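Presented sequentially are two complexes of chain A, the first with chain B as partner and the second with chain C.
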Partner chain A sequence: MPGYLYILVSLALFFIGTTGVLLRRNALFVLMSLELQLGAGSLALLTFARGLGDQKGHVVAFFLMALAAAEAAVGLAVVVSVYRTNKTIDLDGVNELRN
Partner chain B sequence: MNLMLHAPSQLEKVAFMALAAGVLGFALVTVTRKSAVGALMALVGAFCALAGLYATLSAHFLAVLQILVYAGAIMVLFIFAVMIMNRDEDNPIALRGLFLRATGVIATGYVFYRAAWIVVRERQTDVLSTASTLPIPDYGTVASVGRILFTDFLFPFEAISLLLLAAVVGGVLLSRPSRPSDGGGAI
Partner chain C sequence: MFSRLLMIPLVPLLGAAYLILFGRRHSRAAVQTIATLAVFASCVISTDAFFFGLRDSAHGGGISELVYSWFSAGNVVVDLSLRMDALSGLLCLVVTFIGTLIHVYSAGYMAHEEDYPRFFAYLNLFCGAMLILVLGDSLPVVFIGWEGVGLASYLLIGFWYKEHANASAGKKAFITNRIGDFGFLIGMFLLFRATGTLDIPAILDSAKSGGVLAAPLWLGQPVAFWAGVFLFLGAAGKSAQIPLYVWLPDAMAGPTPVSALIHAATMVTAGVYLVARMSAVYMLAPAALAIVAIVGALTALFAAIIGFAQNDFKKVLAYSTVSQLGFMFVGVGTGNFAGCIFHLFTHAFFKAGLFLCAGSVMHAMSGSGDITKMGGLAARLPWTTRVFQICWLAICGVPIFSGFFSKDAILDGAFATEIYGHGLTWVGPLVGGLLLLAAFGTAFYMSRLYFLVFSGPCRADEHVEHHIHESPASMVFPLVVLAAGAVLAGFAGIPPAIRELFGKYGESTMAVWLEPAVGAPLEVSHRTEWLVMGFATVVALGGIGLAYVFFGGGYRAPARAFAKKMPGLVALARDKFRVDELYAAIIIRPLQALCRIVFLVIDRIVIDKILIGGWAFLADLGGRICRFVQVGDVQRYLAVFAIGFAVLVWVAARPAAPDVQIVIEGNNVAVQLVDAEADGGNLTYGFDFDGDGTPDRMGPTPLARWIYGGPDRYTITITIRDERWHTQRTIKRDIEIR
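== the complex of A and B ==
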């Protein structure tokens, strides 16, 4: 299949992820949408790697995967910590730094 | 570079369409679902379909890793988090500041529309029109990606292992319940 179709899928996936990050107020859903965005980034990397015939894109996608795992671990730990102190993970309710 | 493209076979077209529809459909379900468990299951589906798309790009190693890491490891983390705070949202879309958020979504939608327009306009270029022939015979296999990983990218590889270790320690430290006696590990 031509590569531009893959890039279009990647763009659409990134847009869905961005919409989730912007619109959802539950921190868990925001983290899930972030994972979708990272997946869209990997897809674009692999598509361009295939188009250029260069496997360095695969290596970078591999690092991106490790980064996503680290992000999920720390992000979920932060969410759990926030839940312990605030009894909510509603992002609109987490505003003790504001006043 | 050879600009002649092999026409994609019928099976290839059907597989791509099904996988792309699966990725986008499951992603939409993930973002719109009210219950966290339902959204997680849809996220697993989206990642499995994404792994299928990687495989059609002949990135076999990354396709397997995608299922192992995302649908395996990261999903377990999420399920544990859902188990700790199993609370469905009252109303998934926030009404407060809806105007601002809607403006943000419309702005990002416009940016992505322009990006898609550029991609479609430049679709005849070499990079964006993937040829059916593989650049090298063992493209995307464990052996050939691993060779690059352990020669050219050895230092970043070791650095990322250090980052993962730091993330694990940080995760444990952050999610540990704070005890007032020792000043508390959590913030």
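== the complex of A and C ==
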């Protein structure tokens, strides 16, 4: 399987993730889409690392996993906090910064 | 270092500062003692410096002291230096001596006023500033004093500031003087530009040698002429000459001692002093002197005529001051500096005396100065009457009294002067004739004043009349001293013709005294002197006689008949020839209209609406536009962020801009891109030399050559493509083949 196909999958995942982050109303789905973007980044890193025979990409991918876990924890905490103040996690309803 | 000359102005200034700061803590007696002692101390120091310092000094130069170097900028060095010579010493004596008397008088006159310390503080401030003006040895120092006395004058005219008329009279005096100050400054700058110094002795030395000041400046007239004319404008402001005299009569709104000291005896003579001080400059420009003399003579006559019909005691005296200052300007204008300073000297005594009498009379009349409601005061105010009689005879120019000698000195000068070149010889006799008329007028209106106030029956209301009383001793004492001065001061200047009768020869004491400071006195033949004396006496007695016919013992039939026959003329003189109204119509109202237009157009519209409102509107508009971006929706922010990031990536992916080096040799052109990014052969360089839109050379090397067909202007278009990202950069260069 040629390397560029992995890159295409990574791009597709990143695009789906970005679309989800920008368009989903529910904060939980936005967080999930973020995870997709991170996964796409990891995949691209691993692909290039294998293609170039360089181990640094692998190392960064490990770090990304830890980052994703931390992000999920903080993100969920933020969502809970938002729910407590706004009684909703619909992002359209969370617009205190408006104007 | 103990500096004697510095102490002269410093002591009154310190007195002023002390009274302003702590005067309220002291009793009235303490305040008046402090103020009077301050001026008296300065009088003592001046006397000492004058009689001992001057005598010891080398003949002529006087004594000078450098207090400290004020500032130097480039080649301008201005020293705070003071000089006492015969001229400034005499003025110092007059200022401090009369100043002391008036402080004593004020103690009685102002006894019932509030703000006692403030009054005396201002009076001390005036004395200090006047002494700086007189003693200053450098034009900027003189100017400080000049402005200082203007300030003190403003403050004292408006001393009873709660009445609007008084405050606006002070304002009028100040603003009119500002016009004069502008002239002073211009004159100063002209002298500086020509001589490169502001030091008075240096300027005078330069003037005596002719040189730069005699060089033509404009309209064929020398620097000295223009400097003289502009300095005279300043002098005319301070000394109330046409056209700037209008402030002085209004200045009578101040307390009477102020009118006596500032607006009669001292400050208003500052202009005369300035011209006399710069005498050497004026001697270079006879035409400027002619202007001074003519303006002085016209003012003397004009003010005298206005004085005929004034009904306020102090206004009559004010116009008389304007008129007498006109006499003095004729004195300087005819090159007769000694005569002029002599008149200044005697005038200080009798005019201060007259004003203090006015104060005494108004004190007795419950504050009113309306002479139509006076009369018969001779019996009720014996001391005041006697002093007034002496000063009145002095100002009329009756022989023996001081005014006779000093007026005579000025008239002599006018008829005998030979300083005007050909073409201007008519000036002397003309101003002399005008002055004789003015002297007649002076005798007439002063006698009218005397008869209406002191002779005949009393025309006052019953309860005012009941109140009439002689003033307290503190007011009478200065009056008596001034009356003595009004008689004795004249003997300092007995003319040579009379001196001969007593076996003494040569010029008068005053002229000899002043010679080192203002130059040799005019040569006047004895025939001219006797003639002028005769005419002056006839004119004085004639004026007094005519006034007696009209007003002896109150308004007489001829006066009423004249007023009935020519009501228009009398009203015109009473309304001061409506000069104030004229100024209001041609200067003040147009200026106010202009201010109004400026206010409505520039202030209201340009500044308020456009410059302030406009920026506010733009800021507001910007805010309104930016507000639409701030939707508060995290996802939309993210969308913008994503787009922005993409743009940044694209920009970063563009090939960097290289340095383009073009070498032209004849028709051969070589183009090389230095520091171009040669990144793994992924960049493609295209060179379009002929401008047809397609690259003529293309490839991975950043170098291309081309041969043009002939001389012309060409445009080379270089495109750098990055095949990895499909980005490209285009560079255009214009070249010319010669």
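Everything that follows uses one rule, which is that the second predicted complex is superposed on the first by the 98 of 99 C-alpha atoms of A that agree within 3 Å, B and C clash if a C-alpha of one lies under 4 Å from a C-alpha of the other, contacts with A are read in each partner's own complex, and residues count from 1 in each chain.
What we mean here is this: contacts are C-beta pairs under 8 Å (C-beta built on N, C-alpha and C of every residue); 3 or more make two chains touch, one makes a residue touch a chain.
Note that the structure is predicted; figures quoted are calculated from it, not measured.
With the C-alpha superposition on chain A as described, chain C and chain B fit side by side in the combined arrangement.
Of the two partner chains placed around the shared chain by superposition, chain C is the only one that A:94 touches, whereas chain B remains out of contact.
With both complexes placed on chain A, chain A has more residues touched by B than by the other of chain B and chain C.
In the superposed pair of complexes, A:52 makes contact with chain B only, with no contact to chain C.
In the superposition on chain A, A:34 makes contact with neither chain B nor chain C.
In the superposed pair of complexes, A:8 makes contact with chain B only, with no contact to chain C.
In the superposition on chain A, contact of A:44 is made with neither chain B nor chain C. Between chain B and chain C in the chain A overlay, the least Cα distance found is 6 Å.
Overlaid on A, the two complexes show chain B and chain C touching the same residues of chain A, namely 18, 22-23, 92.
Residues 5, 8, 12-13, 16, 20, 23-24, 27-28, 30-31, 36, 39-40, 43, 46-47, 50, 53-54, 56-59, 61-62, 65-66, 69-70, 73-74, 77-78, 80-82, 84-85, 87, 89, 92-94, 96, 101, 104-105, 108-109, 112, 115-116, 119-120, 122-123, 126-130, 135-136, 139-140, 144-145, 148-149, 152-153, 156-157, 160, 163-164, 166-168, 170-175, 177-178, 186-187 of chain B are the ones that touch chain A when the two sit in their complex.
Across the complex, chain B is touched by residues 1-9, 11-20, 22-26, 28-29, 31-33, 35-36, 39, 42-43, 46-56, 58-59, 61-63, 65-74, 76-81, 83-85, 89-90, 92 of chain A. Every residue of chain C that touches chain A in the complex is listed here, in rising order: 627, 630-635, 638-639, 642.
Chain contact summary for the complex, chain A toward chain C: residues 18, 21-23, 30, 91-92, 94-99.
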